[in-house]
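The first chain written gets the first letter, and so on, giving A, B and C; residue counts start at 1 in each chain.
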Amino acid sequence: MKKVLAIALALMLVLCSAAMAETVKIGVFEPASGDSGAGGKQEMLGMQYANKETPTVEIGGATYDVELVYADNGSDTTKAPSAANSLVDAGVSVVLGSYGSGVSIAGSDIFKNANIPAIGVTCTNPQVTAGNSHYFRVCFLDPFQGTVLANYASKELGATVAYTLGELGNDYDQGLCTYFKQAFEALGGTVMHEDFPTGTADFNSYLTNAAGIGAQVFFCPVSIAYSTQIVQQAASQGATFPILGGDTLDSNVVSNAAKGTNVNVVVTTFYQEGANADFDNGFKAWLAEDGEALTNNGGNDIIAGVTAMGYDAYYVALEALKAAGSTDSAAVMAALPAVTYDGVSGHIEFDDTGDAVRTTAYVKTVNNETGDWEFLTEQTVD
Amino acid sequence: MWNTIFPYLLTGISVGGQYALIAIGYTMVYGILRLINFAHGDVFMVAGIVMVYMAASGLPLWLCLPLVLIVTALVGFLIERVAYKPLRNAPRMSAMISAIGVSYTLQNLVLYITGGLNQLYPTIPWISDSVTIFGATTKMVTVVTPVLTILLVVALVLLINHTKIGMAMRAVSRDFETSQLMGIKINSVISMTFVIGTFLAGVASILYFTNYTTVIQTSGAMPGLKAFVAAVFGGIGSIPGAVVGAFIIGIAENIIKGLDIILFKLGVIAAPIGLATFSDAFTFALLIVILAVKPTGLFGEKTTDKV
Amino acid sequence: MSNNIARKKIDSATIISAVIVLCIYVAAFVAEQFIAPTSMLFTVLKKGATYALVAVSMNLLNGFTGIFSLGQAGFMLIGAYVYGIFTVPVAERINVYQYYNGGLVQFVLPWFVAMALSGLVAAFFAFLIGMPVLRLKSDYLAIASLGFAEIIRAVMQWDKLGPITNGSNMLRLFPSFNDFNIRAADGHVVVYLSTLVPLLIAGVCIGVIILLINSTFGRALKAIRDDEIAAEAMGIRLASHKRLAFCISSFFAGVGGAMLAMYQTTVQAKGFTTAMTYEILLIVVIGGIGSVTGSCISSFLFVAASEWWLRFLDQKQMIGSFEVPLLRNGFRLVVLRRRGPNERERTSP
């Protein structure tokens, strides 16, 4: 009898989860397709795993089921507004995302008008939160990341000439390249910047350009789709300069591309595997039993920085819901600035603009033999 | 100077060879049906995806390669039968819209199958190896491509000039109705044209994706358009024209990407001015210039076609 | 006599459609006051109105003049950028043009002036582009106009134009549809107009196009479509008519681009791809080439289907396979329907 009841209950949950009063909805505003699709999916994995681990939350004394509502913004700023609107329409209390700063900015106004707070997970461009009272974020910012990388390039690698490459119309790339350039030039280096049009597959000439100016580092904080191409083409050209990237490159898709080559890939990221054994093991166990999740993680169980961030963002959202004591988005918004949380990626609290206060970035490099990420150093900026 | 430009030339020739193989498909179909087969670039992409899935299914590579070519040719054949044959007597615009529809369908189908994620192309031994020529290091495929392209084109020209089917193709492209009256099986000639065109696109996809190792549903769009421009540039309907046009476009595109550096080194400009932005746009500018100045292209036949 | 009857019929048809349109406006207005403004319904109406205008403007060329142009996204891009450039509030420019010290343009135009300017600039570019392109025949024209859209996109993204266009970066913070809502002093919305106004703008523009189509000019265009040589023999000047049609179509595409900017709240050249032109072409074809009503209805249906009704399929990535057969059927139907007796045979090589 109990079994039947349980099954019936489960069925009811599935069938009328939308109509259930005891459900709180969290919007997942992430790209599942397009150039950033791979990264978006890894970020979502963190949220999905967190949701699996903690599927309920106590709000105002009642237990609510947490439902993740997805909207694919297709890595495209023209699709982002309607994707955002579909979340608003679904009645979410708080939004997580997105991977990629451009789509976050494009969806921002929709959330603002609906009075729904959004927690940016890995959108690092300052413009995402600047002047937006409703946008928060749990990651560090591009000026910080750009400075860290410039410091690393200049001090650790001893580079004086850098080549930066970004995608046209990608706010993340453009922002990070600009901040890198500022910091690197302040350290006495010279920088040449170039852009490539969306959809480019042939990076040989850009690599030749970099070699042509005698670049000692090749800085390309681009989407995973492009960075894998760049790494492989650099390998076949026998490029001697290291390839530097931001948090987007911290993905096993990129490390796989560098496996078996001589290309030195160095990235800054949010999380370093091994920092939290419970999370690492739990996540890997989940990947081992869920084939689809494993595919979305690029086919192996190396943990990407964005996954850890997605995981933390989910818990920050839960903390905010608890603090708000209500599923009303306005209450969540009011509660969010004061939320603090100790996540797997470190301590999270928000400053006045809604940015997480972060002073540490991890620098990682690819082991060309095994295709694993190896921890290099922890960088802080004073 | 030479050392500066040579790597760009090398990349350009390689890309040009791959464009050439795609462009032949355009130019042959256009020569016979007067139809811009907008879906051709997407067939090229589908060939890449088929390869990815075949290799992932565990088939040995030596089996995958011919299979991919066969499947691609089959796809081309089917597209013609399903989407273009019913419209043979329809206005040209309808056929073109149908072609755009096929392109849209293929892209969405692949989006559905792959989930919009980049697929890593399998590594084909030997042509993926690195090789150094004149001080520039590149993949073997870069060197193989132009040679293979020329060989295939020679074979194709021989086929068209010296076989029965080739003669039928020439006849159909010269005068559709009359050749029909003369007893040429129009449908099989057209099918053959599509099969040859897509087969070459399949070869191009193997070369192209060995070089640029990821496939996504939009991978075919830009190479497809550029190959079409190459076909127009060389004179649509002319196979040698398409090949020359493709090499010119491939080289020009890569020179543009490096133009900042080249000009900088020559002392023409003091600071980079971001010309690489125009690497794609340049192809289209070239198209418009050639259409305005010499609408028949470099090697195009003069026609009295006034439609 | 029979002529009279026909005219009367048209008159009553006009009245009926006017009443229907009016009802739609009233319904939209009422709905807006009572349904939560975040409903997807309004998204669909706003974007649908925008696409309807662009689709009708494309239809003016493809359906009524017989010029197969694929440059719509390029003209929309121009429109959207002109609107964005001239309406970003001066105080916000330092944030928007963050890499260009606030940019060169340091004044703002009222939204309707900027919107009209969007159309005019797009029309001006159409005039320039038309000179080489319009001389070309059907498919060459298609590919050349498509090429122009790509060139425009690259130019807009050029770093050196950054002080004006913000390079490849986003333009944002300009007035959007939501600014049409009438607010009380405390910021509380009193009357919602954010859906009605775009519908009205699109309605007025489409109305103008309909008037044009039914004028002498419009009949001349149809004559060109049906038979260029015969039309020329009847004394219609081909070149100037085609050019004017091209400019008018681009004007409205530009206005449509400005509307799209308002809908999206941000503008970026990256999004105005060939795929966008194809989308609009699909709408035109589904609605029926040469049918204004068809274009309008199909654009709302298309937007509703892709943004709203089929979004639930997203999670399983079904949107491709489900949507496409649906679209393809419409495609084939229309394509086949076009083989009417009036259509002249144009396939002969």
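Methods note: a contact is a pair of C-beta atoms (placed from the backbone, for glycine too) under 8 Å apart; a residue touches a chain by one contact, two chains touch by 3 or more.
This is a predicted model, so every value here is computed, not measured.
Colleague: Which chain's mean C-alpha position is the greatest distance from chain C's?
Modeller: Using the mean of the C-alpha atoms as each chain's centre, the farthest one from chain C is A.
Colleague: I want to compare two interfaces, B-C and A-C. Which one has more contacting C-beta pairs?
Modeller: So, comparing the two chain pairs, more contacts are at B-C.
Colleague: When the centre of a chain is set as the mean of its C-alpha atoms, what distance in Å lies between chain A and chain C?
Modeller: 35
Colleague: Starting from the mean Cα coordinates of chain B and chain C, work out the distance between those two points in Å.
Modeller: Taking the mean C-alpha position of each chain, the two centres sit 32 Å apart.
Colleague: Among the residues of chain B, which are close enough to touch at least two other chains?
Modeller: In chain B, the residues touching two or more other chains are 111, 115-116, 221, 274, 277, 280.
Colleague: Can you tell me which residues of chain C touch two or more of the remaining chains?
Modeller: 154, 157, 159, 168, 317
Colleague: Identify all positions of chain A at which a residue touches two or more other chains, and write them in rising order.
Modeller: If we look for residues of chain A contacting two or more partner chains, we find 32-33, 168, 195, 197.
Colleague: Would you pull the chain B residues touching chain C in the complex into a rising list?
Modeller: Interface residues on chain B, with respect to chain C: 34-36, 86-98, 100-101, 103-105, 108-112, 115-116, 173, 175-177, 221, 225, 228-229, 232, 273-274, 277-278, 280-281, 283-285, 287-288, 291-292, 295, 305, 307.
Colleague: Enumerate the contact residues on chain C facing chain A in the complex.
Modeller: Of all residues in chain C, those touching chain A are 37-40, 43, 47, 95, 98-99, 154, 157, 159, 167-170, 172, 176, 178, 263-266, 268-273, 276, 307-308, 311, 314-315, 317.
Colleague: In the complex, go through chain A and note every residue touching chain B.
Modeller: Within the complex, chain A touches chain B at residues 32-34, 37-38, 41, 74, 168, 192-197, 199-202, 204-206, 208-209, 211-213, 224-225, 228-229, 232-233, 235-238, 253, 256-257.
Colleague: Give every residue of chain C touching chain B within the complex, in rising order.
Modeller: 62, 66, 68, 132-133, 135-140, 142-144, 146-148, 150-151, 153-155, 157-160, 168, 274, 278, 281-282, 285, 289, 317-321, 323-324, 327-328, 331-332, 335-336, 338-339, 343-349
Colleague: Which of the residues in chain B come into contact with chain A in the complex?
Modeller: The touching residues are 4, 7-8, 11, 15, 111, 115-118, 120, 128, 130, 132, 136-139, 208, 211-214, 216, 218-219, 221-222, 254, 257-258, 260-261, 264-265, 272, 274, 276-277, 279-280.
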